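Look for chain A in each of the two complexes below; its partner is chain B in the first and chain C in the second.
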Partner chain A sequence: MTNVPEPLLKRGVTAMDNAQYPDQAVGEPFADDHKMSLRNVNVFYGDKQAIFDVNIDIARNEVIAMIGPSGCGKSTLLRSINRMNDTVEGCVVSGELTLDGEDIYTAKMDPVALRARVGMVFQKPNPFPKSIYDNVAYGPRLHGLASRRAELDEIVETSLTRAGLWTEVKDRLDQPGTSLSGGQQQRLCIARAIAISPEMILMDEPCSALDPIATAKIEELITELSQNYTIAIVTHSMQQAARVSHRTAYFHLGHLIEVNETEKVFTAPEHELTEAYITGRFG
Partner chain B sequence: MDKLQLDQHISKQFNEDLEDIKTSMLEMGGLVEKQVGDAIKALEDADSGLAERVIEVESRIDEMEMDIDETCITLIARRQPAASDLRLVVAVTKTIRDLERIGDEAQKIAKMAIKLSEEGNAPRGYMEVRHIGNCVRKMLNDSLDAFSRFDAEAAIATMKDDRQVDMDYKTALREMITYMMEDPRSISRSMNILWALKSLERVGDHAKNICEQVVYLVQGRDIRRGNHS
Partner chain C sequence: MTDLKNGSVKQTNLNQSRSDIIERSLAKRYRAEKRFRCYGIMAIAFGLMCVALLFTDIISKGYKAFAQTYIQLEVTYDANLLGIADLNDPQQVVLGDFQGIVKQALKNRFEEVSGRKAKRELYGVISNGAGYRLRDRLVANHQLLNQSETLWLVADDDIDAYYKSIGSDAGPFVGRMSEQRQGWIEQLTEAGEVELRFNHNFFTQGDSREPELAGIRGAAMGSLFTLIITILLSFPIGVAAAVYLEEFAPRNRWTDLIEVNINNLAAVPSIIFGLLGLAIFINFFHVPRSVPLVGGLVLTLMTLPTIIISSRAAIKAVPPSIREAAIGVGASPMQVVLHHVLPLAMPGMMTGAIIGMAQALGETAPLLMIGMVAFIVDVPGGFTDPSTVLPVQIFLWADSPERAFMEKTSAAIMVLLAFLIVMNTLAVILRKKMERRW
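So, the complex of A and B:
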């Protein structure tokens, strides 16, 4: 491993002049009680390698933020965690990815069942063209989680409540999900994701299409959800990462550079590239 | 060569803002250094005119502190600095507080100088004032120098000087007590010298605080209260 560099302050050259990728991420990429564990993960799109030898644990009930400049591979890695990349032609994932110690890329692992355990919320709210009720009830129906209508009602109510949307929509559950505001739609998508009781929720820039108030509500929600779920969030907003996450992982051109307590990353990052990115010195 | 890379930001205005607070702080530091030097000189030479000037300039230092503080708060609100930028802003806000307090100590010494020039010189103690005065002026100078060069090693070396200042102060204190016992008529005047010595010792403490901020700024670790781990 390359040594942790002198703090940026002490060097007389720009971070990019002698930027070096560490062989392994600096900081604390591993966790004892991990929900998800990634070892030597490489991801290719055809000939192009998007992720280089990533090793990281995602701890149980933690919120981990993945940050980095565009094209750094953070979304690619996130999508590998619930095998969303399977649907991308030419995409190959190698290495070991385990959920509670279980390899998720074996033949016997059903991707649909995996995605029920590892839910995903996307950048743009994408409710189904169905009623609010049916949006949330869709997953539980598909996975046969409720045998009676009353049970399904309960799941819908609990999920919407947890997503902080229940009081706003309880009188209009039959209206289309698309009739809601952007922020409400995103919370509906979160309700939809948690309706099937996932163990982990992946969020790919969940607030980039939302206004500050809606963003604040989603962030509040992330903090509440972290009591029951393990959450990995990709975000372009460094302030958002600083606000919601316990640990922050910094990616650079497909390499995992640093993983540390969020507080440390934003006050005294270990790696020069993290420092340069966080302080806005790339350009 | 700019080691903080203040000029490396994507935002030009941010670069300038950061440069500005650092420059203003060093400017304030320069003025405070002069104040301490003038106050000591006024005391030694029983120059009440110079002492008056020190007291006048003190209000200018207070203004500078408030101005820089406001600039820092605005910068935090507008830019949300992180990592080394955040540490710079935090270190500056803390350092200017120490500088302001050093300014207060200089003012106290100047007041003692006026009293002494009115009551007549104290019989003893000037040598101690000169010696400790030189030590803390050097400490203050070195600490600001370390800040401007972002030199944590120099800051740590300067911090160690404070121990010597504390020891010298205690020795001077004992000597002054002896003088006062020998000649009780000198107590009032000797006490004035003692207050001035106490102020100088405090200047050393503040210079040490500034050094701690330099280490925090450069290395990101908090070494206050002997937390060197």
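So, the complex of A and C:
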């Protein structure tokens, strides 16, 4: 009882009255062959704690979906994985986050180098106001991945092809990226993220600003990319989580409640909070 | 059943009265809206009227300054009269009595004039500066020595004012003109030997005590050199300060203090900057006074807050999503600024800079403090030549007693306004053209 957060009580969700946050997430939060591993992670914005003691592994080449009601901290956690939160003033991350066994929050780890290994796709498509070509070529140029123009051309072509955009834009690579439609812009952003061959891609609600057809294309793309990349995706759409992910993690007000095979989460959730959420009793 | 019926009737009544209320309040709202729009139009109309009044007044007073009265005379480059034996000797050329041959030419034209007083009157018809023009012609073409040629020479400012006002509603402006002189002008007019021509001097000469010789080129060049110094210093410093404050500085009490002080600086009376410049640049660093260099330094201090504030606004307007995208692909903070923030903020920053420059161009008070109010005849050729600037020139001419300086003042204001309009238009065009949508 004491553990139940205020807002829940106010909404009169009586079924939740007896719900308790588990000390550890129920289900199978850990994986043997993990790409990324989080141990006792806490995130604070000033005095406010946004993430409480999260322990989870992200397996190699899996798609893990993070779901939960608004403000549950899933985006915050995602942005901690590539240290995007460094740019937010007053944000402090504690605990151990390792990428291939390397702690990413040590002085030895350069955040810029980390972000070259862990790419990110944002909620709103945010292409640079430059040409389509330059958008994709920006990352490789920054990191000096191509020494010759031909190499760069090849990177741009393969990235755009992988993002499923090549046939649509190959004749107008010099046009501004902002002239594309919303769905195309988002695929351009994905192409931009994979152009630097990251090991992992973080997606923060990549489809929330897109129409259903564009969403379907992005989802298809995520499934394809999962063969080569480890992907963590935050989403508000449970259908989307069910369609694209292998495992699903459910967050509730900063606590990780349950991690399980996606199918299991949506058919037979172990925790009552998860069940309440996926059956639409709150969220 | 009846209850139910009554209830529904009541409901209908209620609906009707509610829509009445809404309709009435709507009418009231629309009236208020109309009134509000009316106030706006009135305010703009008032502003436009003031501008129109200002422009008609200035233009009606000043347009005549772009023309100048010239008198046609046949001059003879008499070597004896000039006292020049060898044209290659600069000493002789400088000392040559060129005004003397002008006098001779006048004497030849009006042979009937006799008596010291009358002659003095006659000699005053042509400007004192006419001799310099003859000297330049002779130096350029040595063959003219002992030859004659017919030239249009600049008339004295009294003649100019009189000739320009002939036929005006208030009658000709006589001023200091004697009847004798008026007669001569009449004679010349009949012979077609006096006319209004385009006033080259106004655009090619520096200041002068003689209104007919005074020009704005000196002041315009002074303004140009001063503004070059100002933009070269204030733009990089202002942009660097804005970028640091917006992108790198932590938000704490110190940066708040800096921000408050920048805003304070923008509101400091400009004459204080003049005193500061006098104390620091001239008295402490011994920069020469009255030169564009020190003027530019002082105006830099004055323009900096404007540029910093507008640059910060421009940087703030760059959407954070662009920064995130760049950080997300692994750009370092400096790369984020150089590759994305600065190019996107540039139009806004340049608009701010141009508006700051326009402000600096019109600034007078601080320049008075650092000696740029001096009477300077030579057109400055560099950053350390004594000079004055356009608004100070206007101030100087407005203060001069000669009537002819009145129209010069208005003409100089027109030139200054033209520069300001060009600069502000440029700022608008730049903003429209370079603005990128995302």
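Observations
Simple rule for what comes next: the second predicted complex is superposed on the first by the 267 of 283 C-alpha atoms of A that agree within 3 Å, B and C clash if a C-alpha of one lies under 4 Å from a C-alpha of the other, contacts with A are read in each partner's own complex, and residues count from 1 in each chain.
Quick note on the criterion: contacts are C-beta pairs under 8 Å (C-beta built on N, C-alpha and C of every residue); 3 or more make two chains touch, one makes a residue touch a chain.
Keep in mind that this is a model prediction, so the values were computed, not measured.
Legend: residue contacts after superposition of the two complexes on their common chain; A:196 is shown touching chain C, with no touch to chain B. When the two complexes are overlaid on their common chain A, residue A:122 makes contact with chain C while staying clear of chain B. Contacts of A:84 after superposition on the shared chain: chain C is touched, whereas chain B is not. In the superposition on chain A, none of the residues of chain A is touched both by chain B in one structure and by chain C in the other. Residue ranges on chain A touching chain B, taken from their complex, read 7-12, 14-15, 238-239, 242, 265-269, 274-276, 278-283.
Those residues of chain A lying in contact with chain C across their complex are 82, 84, 87, 89, 112-113, 115-116, 119-122, 124, 126-129, 138-139, 142-143, 178, 189, 192-193, 195-196. Per the touch definition, chain B reaches chain A in the complex via residues 1-5, 8-11, 14, 80-87, 150, 152, 217-221.
Chain contact summary for the complex, chain C toward chain A: residues 250-251, 319, 321-332, 335, 339-340, 344, 436-438.
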